[in-house]
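In the two complexes below, chain A is the common chain; its partner is chain B in one and chain C in the other.
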Partner chain A sequence: MEFLYSVIDTLLPFEWTEFNFMKNAFVAVLLITPLFGLVGTMIVNNRMSFFSDALGHSALTGIAIGVLMGVDNYLLSMLGFALLFAVGISAVIGSGVSSADTIIGVFSSTGLALGVVLLSASGGFSKYSSYLIGDILTVQPEEIALLGCVLLAVLLVWGLFFNRFLLSSINGDLAASKNIREGALQKIFVILVAVLVTVSIKWVGVLIINSLLVLPAASARNVARSMRSYHAWSVGVSMFSGVAGLILSYYLGTAAGGTIVLVAAVVFAVTFLAGMVSGRRRAA
Partner chain B sequence: MTQEKPHSCPDCSSCAQAGCNCVDCQCSVRIRGLGVKKKDGVILHDVNLNVRHGEIMALIGRNGAGKTTLLKALLGRIPYTGEIYFTSHKGEQVEKPKIGYVPQNLLFDHSSPMSVGDMLCANLSRFPVWLGQKKAARRRAAEMLERAGAGPELLNKKLGNLSGGELQRVLLAFALEPMPDLLLLDEPVSAVDRRGIEVFYELVCSLRVRYHMPVILVSHDLSHVRQYATSAALLDRTIRISGEVEQVMASREVRETFGLPAPEGEER
Partner chain C sequence: MQIICIYDVESFKKGSETMRVRRAAALLLALCLALFSGCGRARTQEEPAFRVVTSFYSMYIMALNVTDGIEGVQVENMAGQQTGCLHDYQLQTKDMKNLEQADVFVVNGAGMESFLDKVTSQLPELSIVDTSEGLWLIESGEDGSHVHEEDGHEHTEDDGHDHGEVNPHIWVSISECIGQVENLSEGLQKADPAHAEQYRANTEAYVEKLSELRDRMHEAIDPLPNRNIVTFHEAFPYFAEEFDLNVVKVVNREPDSQPSARELAETIRLVEDAGVAAVFAEPQYPESAADIIASESGIRVWTLDPVTTGPDDKDAYLNAMEQNMETLVQALS
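Moving on, here comes the complex of A and B:
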């Protein structure tokens, strides 16, 4: 870590890098944002943005369960509950009784409400309200190492399974004709999203985590014309918004997570207009 | 795993003309007692059907007769009772058949930034396409397109920006790699213009001749069935009649289903 700090001091001799908590936050952003950029592409492809939002909301109940069980580290209880939640959603959707977005909506609000009720019952919700918006500035070096591990895991899954993810995202029947097992892939992907959301919720927050997953990929879609450019744009937009948002929040004295999301939203607007202009030019 | 010699399938009477040992006389797909039940009732029951190598079998029937359901069962997308056997042209049983599928109207996200090259290369190679397309895979993809009657310029086009005819050809190229044990065409022409239809069918016919591939073709257009299929089967929850095209088309069952005039009258 000391080595990383000195590298940052040498390369970025600015006021905002003087503090160690800012250095930590900077490194964490450099690890989290490519993660969100990568995974976001497939979340948007599979139209699962509502689903990842629900997983974020379930984290609150996960924390509450951790509190009730008296553990200090809520990571395991959050992850456990998020996976249970995901399995529950898939099972209810699979029954075909109601439409997917309705079911996810029901689960999502239940997860949030249950979390709020349990946490307020066990001694005041305000103690945990930081989880709602997150605080990247509190990230610790060992947590940065954890983020690094998650990034490696995502890269590994993206390297091994991406082509199959892609084919099954086009059309399930088409994937089935190539002996691609959609169900197994779906499980891998859901676990991946659950791990990502759980690990980063403390710093990004329940309320904005989904914006960070969706906005970079959505911006990338406005301009990309192939999978490679889609990923390059998504990761690029995500990292740019992350770093720019972090620096801006330092000078403006605003919450880092919200500022990062706002930067990403501006980028989305710009790419949207650019995509419209270039689309019109191609059509002409 | 049982090894099956040509002509040794005892329960398939339609194939194996006496004495003939050519590939085209051997059964490729045998469907035995297939049934599909859903919540709202029986969709298919007691479906028995043989498809030989190099045969284009037209599957016809009114709307809701279960044609798409049968295709989904063949794809393994829905649970079914009964058995489906696949036999290679060498006479060996195929446990995990490769199926080429050209769907009717491919439902997909037209705004997805996926190029034709991405789709074909994802099918061809393990190298993840988000890192780019390998040169060898791209060359191979161009060959696949050519085989399906399309040019390599499509590789850089977005899948969502293709015309109906282009999309059909891309889907056919996709379906033919790896070379399938069975090709399923689900009304492949509904979005294509007339000239495109002919080109597409001629292509399928040439593939049949060249690769002895069995083809199941779901179609509403009886004139296409007459022109391009070698055999036909009428489906209405079960197989009502199957056999040579002319024989099936002239049958009372088909005339009743489609409201055709008696054979003495003018053909449509």
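Moving on, here comes the complex of A and C:
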């Protein structure tokens, strides 16, 4: 960590890197945002943005369960509940009883309501409201190591399964004919999203975590021409918004998470216009 | 024949459906009845002669002392022992039920119970004792606020639950606490004249304990050399006023908001420049921001208790203040 700090000090000798908490936040952003950019591409492709939102909401219930069990670290209870929740959603969707968005809506509101009811049972919901907007500034070195592990794991899963993910998201029948088991594949992806959302919810917050998943990939779709550039754009936009948002929040004195999302939204608007202009030019 | 047969089957189906609906309705009705009769039973339980409900813990401890040992007087804490300050408190159904059966509702006042007008409009008969009446109040943001020329961000976000114009954390100063205990006692004497004499005696005893503690605290704290402190959550202006401490900066005026990076950085610089002796967090709230400030500037985080949560013990306030005194002596010498 000391080494990392001194690297940041030499490379970025600015006011905002003066204190260690900003250095920690900076490193955490550099680790979290590429993850969101990467996983977001598939979420946008598969039209699952609602699903990741539901997972974010379920984190509240996970926290509540942790509180009830009296554990200090809510990560385990959140992770356990989110996995249960994610597998539950995908199983109910798989049964084909109702459309996916309806089922996700049902689960999402249930997760949120259960969390609110359990947490406010003692009348003190405000204690947990930091989970709603997140707080990247309190990230600790050990937690940064955890984020690094998650990044590695996600990269590994991506390397192993990406082609299969892609094929089944483009054409399920073709994937099935190539002996790809879509159900199992979907479960892997769902678990991946659940882990990512759970691990980062403390710093990003329930209310804005989904924007970080969706906005970079959505911006990338506006301008990308190939699958490769789509990924590159998405990761790039995500990291840019993360770093720019963090720095802006320092100088403006605003909440870091919200500022990051606003930067990403501006990037989306710009890429949207750029995409329209270039599309028209090509048409002409 | 065939047609009749089909008709019969249809009517049978129809019949079973209406049966099912009826059965469901009956079940629902039975459930409702069971629920209501349950409530009814609760109501016929033997009630105490005089029932005092307090809004939150600090008031509860005062009321416990004033009503100590009086037969037929029951004190109950509406928000529960672990809720702490009533920032953002949402009235629950059980609270209203609780208040409906109360003879007196004891509140801190000064804007702490932001839900109070809801209570008065629902239960206009309820007699309310406002313990802050006639006490000296600090304007909110007057103390230590010079650094807090805020971007407005936290405020707009928290608009719904600021305390209004004055700082409501009166009881944290012992002198003010004594005033509140006296107000409380007067209110109870008026509402329950049968026990007036006992209330008066209890109050006298408790006030004596409080002022004895205040004298000891002055003795211990007055000679301390360094008086610059940083606190979290605006609970300590009255305390600081009483013991002449200089609150250089209050971080997180609203306990549930996170300080922004700029606010943290400013605080760290301020701590270093002004020679702040110690950062004080509260046991009721997470210390993460306090820890950041402390580890960056190399000073220690201590815990000061504003006595908003604690054990169900009438000496809780005295004990917590005693503890605070020891903490201050260690932190500031």
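What we mean here is this: the second predicted complex is superposed on the first by the 282 of 284 C-alpha atoms of A that agree within 3 Å, B and C clash if a C-alpha of one lies under 4 Å from a C-alpha of the other, contacts with A are read in each partner's own complex, and residues count from 1 in each chain.
Just so we're on the same page, a residue touches a chain if its C-beta (ideal position, glycine included) is under 8 Å from a C-beta of that chain, and two chains touch if they have at least 3 such contacts.
Just so it is clear, the structure is predicted and the values come from calculations on it, not from any experiment.
In the superposed pair of complexes, A:Asn45 makes contact with chain B only, with no contact to chain C.
With both structures placed on the common chain, the touch criterion links A:Trp16 to chain C but leaves chain B unconnected. In the superposition on chain A, contact of A:Phe162 is made with chain B only, not with chain C.
With both structures placed on the common chain, the touch criterion links A:Ala256 to chain C but leaves chain B unconnected. In the superposed model, A:Arg228 makes contact with chain B only, not with chain C.
After overlaying the two complexes on the shared chain, residue contacts for A:Gly70 are found with neither chain B nor chain C. The touching residues of chain B, counted against chain A in their complex, run 72, 75-77, 96, 98-101, 103, 106-109, 111-115, 117-119, 121-123, 125-133, 156, 158-159, 171, 174-175, 180, 184.
Residues of chain A touching chain C in their complex: 16, 18-22, 25, 120, 122-127, 129-130, 133, 135, 137-138, 246, 249-256.
The part of chain A that touches chain B in the complex is made up of residues 41, 45, 47, 158-159, 162-164, 166-167, 169-174, 176-179, 220-221, 224-231.
Residues 79-80, 82-84, 87-90, 92, 150-151, 153, 255-256, 258-265, 268, 285-286, 288-289, 292, 295-296 of chain C are the ones that touch chain A when the two sit in their complex.
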